[in-house]
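Please read the structure below before turning to the comments.
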Amino acid sequence: MSGIVGIFSAEKNHVSPVIYYGLYALQHRGQVSTGMAVNNNGFIDYIKDLGLIHEVVSKESLERFRGNIAIGHVRYAAQFEAKNKVNAQPLVVGYRRGALAIAMDGSIVNFRSLRDEMEDSGSIFQTDLDTEVIAALIAKYHKDDLSEAMIKSLKEVRGSYAIVAMTSERMVAARDPHGIKPLSIGKLDGDYMIASESCAFDAVGADFVRDVEPGEIIVIDKDGLKSIYKESAKRSLCIFELVYLARPDSIMDEKSVYMARFEVGKRLYREFPETEADIVIGAPDSGIVAAIGYAEASGIPYAEGMIKNRYVGRTFIEPTQEIREQGVRIKLNPLKENIRGKRLVLVDDSIVRGTTMKRTVEMLKNAGAKEVHVRIASPPVMHSCHLGVDTPSEENLISSRMGISEVAEEIGADSLYFISLEGLVAATGGDNGFCKGCFSGSYPVDKE
Amino acid sequence: MSGIVGIFSAEKNHVSPVIYYGLYALQHRGQVSTGMAVNNNGFIDYIKDLGLIHEVVSKESLERFRGNIAIGHVRYAAQFEAKNKVNAQPLVVGYRRGALAIAMDGSIVNFRSLRDEMEDSGSIFQTDLDTEVIAALIAKYHKDDLSEAMIKSLKEVRGSYAIVAMTSERMVAARDPHGIKPLSIGKLDGDYMIASESCAFDAVGADFVRDVEPGEIIVIDKDGLKSIYKESAKRSLCIFELVYLARPDSIMDEKSVYMARFEVGKRLYREFPETEADIVIGAPDSGIVAAIGYAEASGIPYAEGMIKNRYVGRTFIEPTQEIREQGVRIKLNPLKENIRGKRLVLVDDSIVRGTTMKRTVEMLKNAGAKEVHVRIASPPVMHSCHLGVDTPSEENLISSRMGISEVAEEIGADSLYFISLEGLVAATGGDNGFCKGCFSGSYPVDKE
Amino acid sequence: MSGIVGIFSAEKNHVSPVIYYGLYALQHRGQVSTGMAVNNNGFIDYIKDLGLIHEVVSKESLERFRGNIAIGHVRYAAQFEAKNKVNAQPLVVGYRRGALAIAMDGSIVNFRSLRDEMEDSGSIFQTDLDTEVIAALIAKYHKDDLSEAMIKSLKEVRGSYAIVAMTSERMVAARDPHGIKPLSIGKLDGDYMIASESCAFDAVGADFVRDVEPGEIIVIDKDGLKSIYKESAKRSLCIFELVYLARPDSIMDEKSVYMARFEVGKRLYREFPETEADIVIGAPDSGIVAAIGYAEASGIPYAEGMIKNRYVGRTFIEPTQEIREQGVRIKLNPLKENIRGKRLVLVDDSIVRGTTMKRTVEMLKNAGAKEVHVRIASPPVMHSCHLGVDTPSEENLISSRMGISEVAEEIGADSLYFISLEGLVAATGGDNGFCKGCFSGSYPVDKE
Amino acid sequence: MSGIVGIFSAEKNHVSPVIYYGLYALQHRGQVSTGMAVNNNGFIDYIKDLGLIHEVVSKESLERFRGNIAIGHVRYAAQFEAKNKVNAQPLVVGYRRGALAIAMDGSIVNFRSLRDEMEDSGSIFQTDLDTEVIAALIAKYHKDDLSEAMIKSLKEVRGSYAIVAMTSERMVAARDPHGIKPLSIGKLDGDYMIASESCAFDAVGADFVRDVEPGEIIVIDKDGLKSIYKESAKRSLCIFELVYLARPDSIMDEKSVYMARFEVGKRLYREFPETEADIVIGAPDSGIVAAIGYAEASGIPYAEGMIKNRYVGRTFIEPTQEIREQGVRIKLNPLKENIRGKRLVLVDDSIVRGTTMKRTVEMLKNAGAKEVHVRIASPPVMHSCHLGVDTPSEENLISSRMGISEVAEEIGADSLYFISLEGLVAATGGDNGFCKGCFSGSYPVDKE
């Protein structure tokens, strides 16, 4: 998963702060590396490195990177991927038509065969990125300008993607034909912006205009924004964006992420209303919104059950095994006073491996909870994703290995209920198209 | 404000991880500097610098700092104080009896006269810290061992303080006679710990034993823990610890911070129940608990009204005025979908200058809120603190300058209500002694 | 200019220290960036960044980079070149046959037309490096193994170069047909090494074996070293290597750099023996050896006339104009006691712009020198180099703009003499082939 | 050993660049830590840390530290001393009269008893520095202004020292009664400067005025420079300053360091002229000047015998034992072409432990030298110094353990000769007073 953002300004000559604050709003989509590229009078400057936006871009850099067109990227690295600098984006290359910067969120399923084909004809590759393959395709079609080259290139590509690319004259954005990855258009003082999520527009004071449509390619240049291509396919937004990935204050394919999660919480109660409990708590941070919904629907009071240390960050020294066995509660601390002797409903967004939930239930019981009823705001995750979400292989998915009652026993819950797939979809406001592959095994784009 | 922690182990020779995770749990008490001192076979090593614990202490340092006695400190710097390295604590000095490390939370009101007196007799001072004056007093009484010297020294001192000091043989902890500053005793595998708040014990798997009593001085050495002195005065714990300063999962003078805030929320409704509203929201993060209490008492549904960017940190590049005027919402973004057209109750812990609340109300109204009813979980702050809480001078306290209805108008609220002082005290479970000076102007220790 | 080094070991699995100390010995060939690539069980790891070897490679990195084949590079950046990370070498790419690392010293004169041609067929380029063009050529010939591909690639290339490349199985080294750039073969405990200069072999305790011949391509693999190609052209080693670029303790095309410079100093006296002087001094550091030779030939005592601050380095804050005008002598300080009232012979390796020499003469005169007779150990530099030496354009070469007597006047010398080109060549031990283009304007390879 | 510098300007308000370049010139006197303190309108700002001047003081810091009075310090740490930040100087303290900054080169022999006495009266100490004791003494005499307090304080102190101290109004400089440590006065555009060596004046374009006399205390303020005290004792400048410590371009107690070393070289030959050799070489860098003198006196040609890597610095990764055994020549590489088959005279400044000289002789012989005749420009070092020069204890001094012929055998020299003490003294231009304790065992100030 990654986050991308771009802006084209007809008049301003210093748009990099827009990228900075836009990426800051999208940092939840990737914490491994950050980068931005800026058109500086026909020359594309860039800065990228491992780290968060505030670590990679100093005040001095932000001041120095001046120009009217810019794109940015934050990167999440899957567990098997190298966390090295060379895979930071945007990728900036020179080709027949000059400099090209490109950033992408997604996963190209025919990456290997495309790269093999290009290596067969003598290409070299300097990163492990899908993005480099897209750049190489654009270069292959260098007789066409960037707009046409993007159309031709993406015809060869299968997978999930949201792309933003720029030359010193224009910006092109594209979303895969199924719209698996989100991408939106915004407007700031008359200038068009592109971002993975609408919260990036809010961050900089821009207005949300519309989603980029599945399969749509748009161009932004001094004449404004034009939709230059639209390939129709069944809309299949990754439903995990609504369940977990996106920020709650984002709007995505016309759905409010917060309202969807809140509604799932309500339905979670309604689908299985028999539970008796004293308080409803959410697992910080991802289960909070659904827990509030559950509380409202059930009439059981919402409460906080655990306090998250707000300085939790990536550079923290992990405790040694010895210290861990002393029962440390560094990141999460149960609110003993609030849960002792109580029957809890614990709401979380999903169960993947089951190990975190097991530790949480154990911690709550040790803190005195009488009962812990686990309610999950998504169906059991049973399939690994090849379209850009970093789920583990199936043998590591607890719901793929055992039935619900066994999972309940394994995690130590007094009861366990997952929302139904229908319930989840209904909570989003009706099925105008989702990829539900991780639950159902059926994906809009097959593995290669 | 600061946070302090200490551990004395009879058997373990590597207690610095306990300080590390203890300080990590207390980081909310100070983000300007961090430090720790460790007894390494009779020699006191230390590391301290500007920054958060994870920035100051590397994995390598943590491994290298070995020993059986250690203390740590995180420092908040008041607005007028220099944020320089030299004021980082613990302070480590040599005196007649060898090395002494000392860390303190609090404010010595007769600092200037004590320091003047010692300068008159030829002393030099290398920091701006109250702590250095305490160290100098201990040295003055060097004929006595640390325990006796601490007793004699503190008799000369007036103010609020929680102190932990160590030599290579023992640890001494002290709390001011009014108990204005909190300090607790914990136990980890048979070893005694000291910490500003009990959440530090939870972080490392230690058990809470009891509070250090107001005016008590304790010594921990190879023979265990001894209470060596107790000066009686009226208990006056800073009530702002419960309102805002402490972590909600801490227990302080036998009061649960979470339960107190939750109860304040309930009473806030009951004291002024006429409000009609659609949802109750809390100002992140400090108003959340009271908002949950308010919702439970009122039956009005609790909801989230604003999303806080979870990467907000101190090294962020602040937006320029120009960018700010575009209406950026970098740290907090209102949940438009959730508040549009609704009547909100907005709960926050306090109003100090009034500027933040004004911006928040404005943001919620711009996002479509029909009404914003502000409810404050503490009385109006009308007096500046000289005992260690960083409140601005009175002319900058909005409630000192104007009446409640004027404040309501100034911040743009449709209604405004502050909890009564009696209500606040009652919510804590009854008045076993508080400093309420910022509300009432009456302090347990006068200014010099 | 750059420095390159490589080692292939049949048995050792940790050759990166050899690269580290080898590059340390070659640091004078480039201070802008440093890098190394190591074959780690079939995967090529690399580290590279702006900075000197000791800044780029930490002890921890050196420990971590394990493997049996490795290459390294230090880079000098010409004045017009960007000093950015992306141009650090070795370049590591993936192509049809797997990973390839390549490092180069030199200048490809048909760089632009080769790159244009490849861009025409759809290639992208991610750096400004000649090296990337070589890598792309090798990829173009990917049907052949690295050895054959290198032969075919270099047939398309015109210019000066010394190249070392590696896959996870072999190392290939090549020197341009004229041998403009130096390259040598060494042997360390039975393992073959490659280096720009023989001083890198001394640094690691290796033995010098022989120079790579002009136009020769060699392969080193588990079967040892093989010469696989030899293209004959007129040997034309850049004579500036002997005059200035190389370290005095290197042997290059069978010439000792020290002995050549020493001999030039002697001939410089003999060609123009009339000068009467009290002492002979050299300009630190590049004129010292020739000055010693001059002293020996003339019988005039050798002395030090200026002391160089031995902490002079690249990160020094340059004095402002205001401070400079106070007559600061930060890098070089004349030894007043030693030169006051004396007639000096000042020997330097070359005069390029003339500005440094002018300042030096002025400084010596201000320090009390009665006469300053400048003797230069190379002929007047009159032409700019397009083969990899960073000389300024001709209008900035003082000897291109004016005659010797005018130069003498401009720099304030009491007399000025340049060694003759014949004298310089003779001093090297006889003309077995040099590029003398900067003096004569006649280059072995034309500009494109 | 340390280096100190100071400037008082009546009119300029930005003197910190003078300190920066002054310390840069004195960096050879200490590489462990660097610092400077500046009077900023009555408030003394300072910056100090481990590292060289260019590492500690950034361009931004240099710009920010503004003021009209400033002092600076570079610190060498003896082998037994901690290399930690807290011992960086200048020391800046507050006392009865305000802020005081102080920096010192030297060693107080009654440090322990002075500190004990002050600890007895209740003082605390925060560093291991002699300087802190001086500051505490000045504070003891706080009823007197800095000038008087310095006079009274230094009466209590025994040892070697050069001190510069400042308040926001004046600067005081002092040199110990024997003048063991050097200290000079310079003038820059009408402003007085103080520095350990005159080369610091040259660096900033200042003129040398005179040495501070042994036992003299001077004050510089807006009324200019005044000598306020002079205690007479036998002048005893550390002769090792001339032999090794000082920069050759410095003038010290009216002696040119370069000329002294050059003259020693000449006398070294004349005292023992029988040697037959082909060339004279110096050990880089400290033996070079004497070698040039030896060559001139003997008529044997001066030559370079070893090349020093000019990037040798303190952060270099030391080779492992394994690598060292391969015969690495990382820092020094013999010039084989120049020494093969030759009889060498090798001149160095001193032999202390003997280990370096043994390795050097071995390296030269391995490189083909037929004979190596070692000539030392100082007498045998037989006694350890307690006055501030970091010599090892006597059991580690090779000349303390064995006679000259045994030393010759141990280091592998074909012959060995040390200059006589009389010769050394005569070479300096006559004995106007030296401390020769390391040779004779007789020191001007006894150990405590």
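Each chain carries a letter (A, B, C and D) given by its place in the written order, and its residues are counted from 1.
Going forward, a residue touches a chain if its C-beta (ideal position, glycine included) is under 8 Å from a C-beta of that chain, and two chains touch if they have at least 3 such contacts.
Quantities reported herein were computed from a predicted structural model and do not represent experimental measurements.
J.: Which neighbours does chain C have in common with chain D?
T.: none
J.: Please identify which chain has its centre, taken as the mean of its CA atoms, farthest from the centre of chain A.
T.: D
J.: Roughly how far is chain A from chain C, centre to centre by C-alpha average, rounded to an integer in Å?
T.: Inter-chain centre distance comes to 50 Å.
J.: From the C-alpha centre of chain A to that of chain B, how far is it in Å?
T.: So the centre of chain A lies 36 Å away from the centre of chain B.
J.: From the C-alpha centre of chain B to that of chain C, how far is it in Å?
T.: Roughly 61 Å separates the two chain centres.
J.: Which positions in chain B touch two or more other chains at once?
T.: none
J.: Under the stated touch criterion, can you name all the chain pairs that qualify?
T.: A-B, A-C, B-D, C-D
J.: Which part of chain C faces chain D closely enough to touch in the complex?
T.: 17, 20-21, 24-25, 27-28, 52-55, 57-59, 62, 188-189, 199, 202-206, 247-249, 251, 256, 258-259, 262, 285, 288-289, 292, 295-296, 301-304, 307, 309-311, 313, 315-317, 319-320, 323, 326-330, 333-338
J.: Under the definition above, what is the set of chain D residues touching chain B in their complex?
T.: Touching chain B from chain D are residues 91-96, 100, 119-126, 132, 135-136, 139-142.
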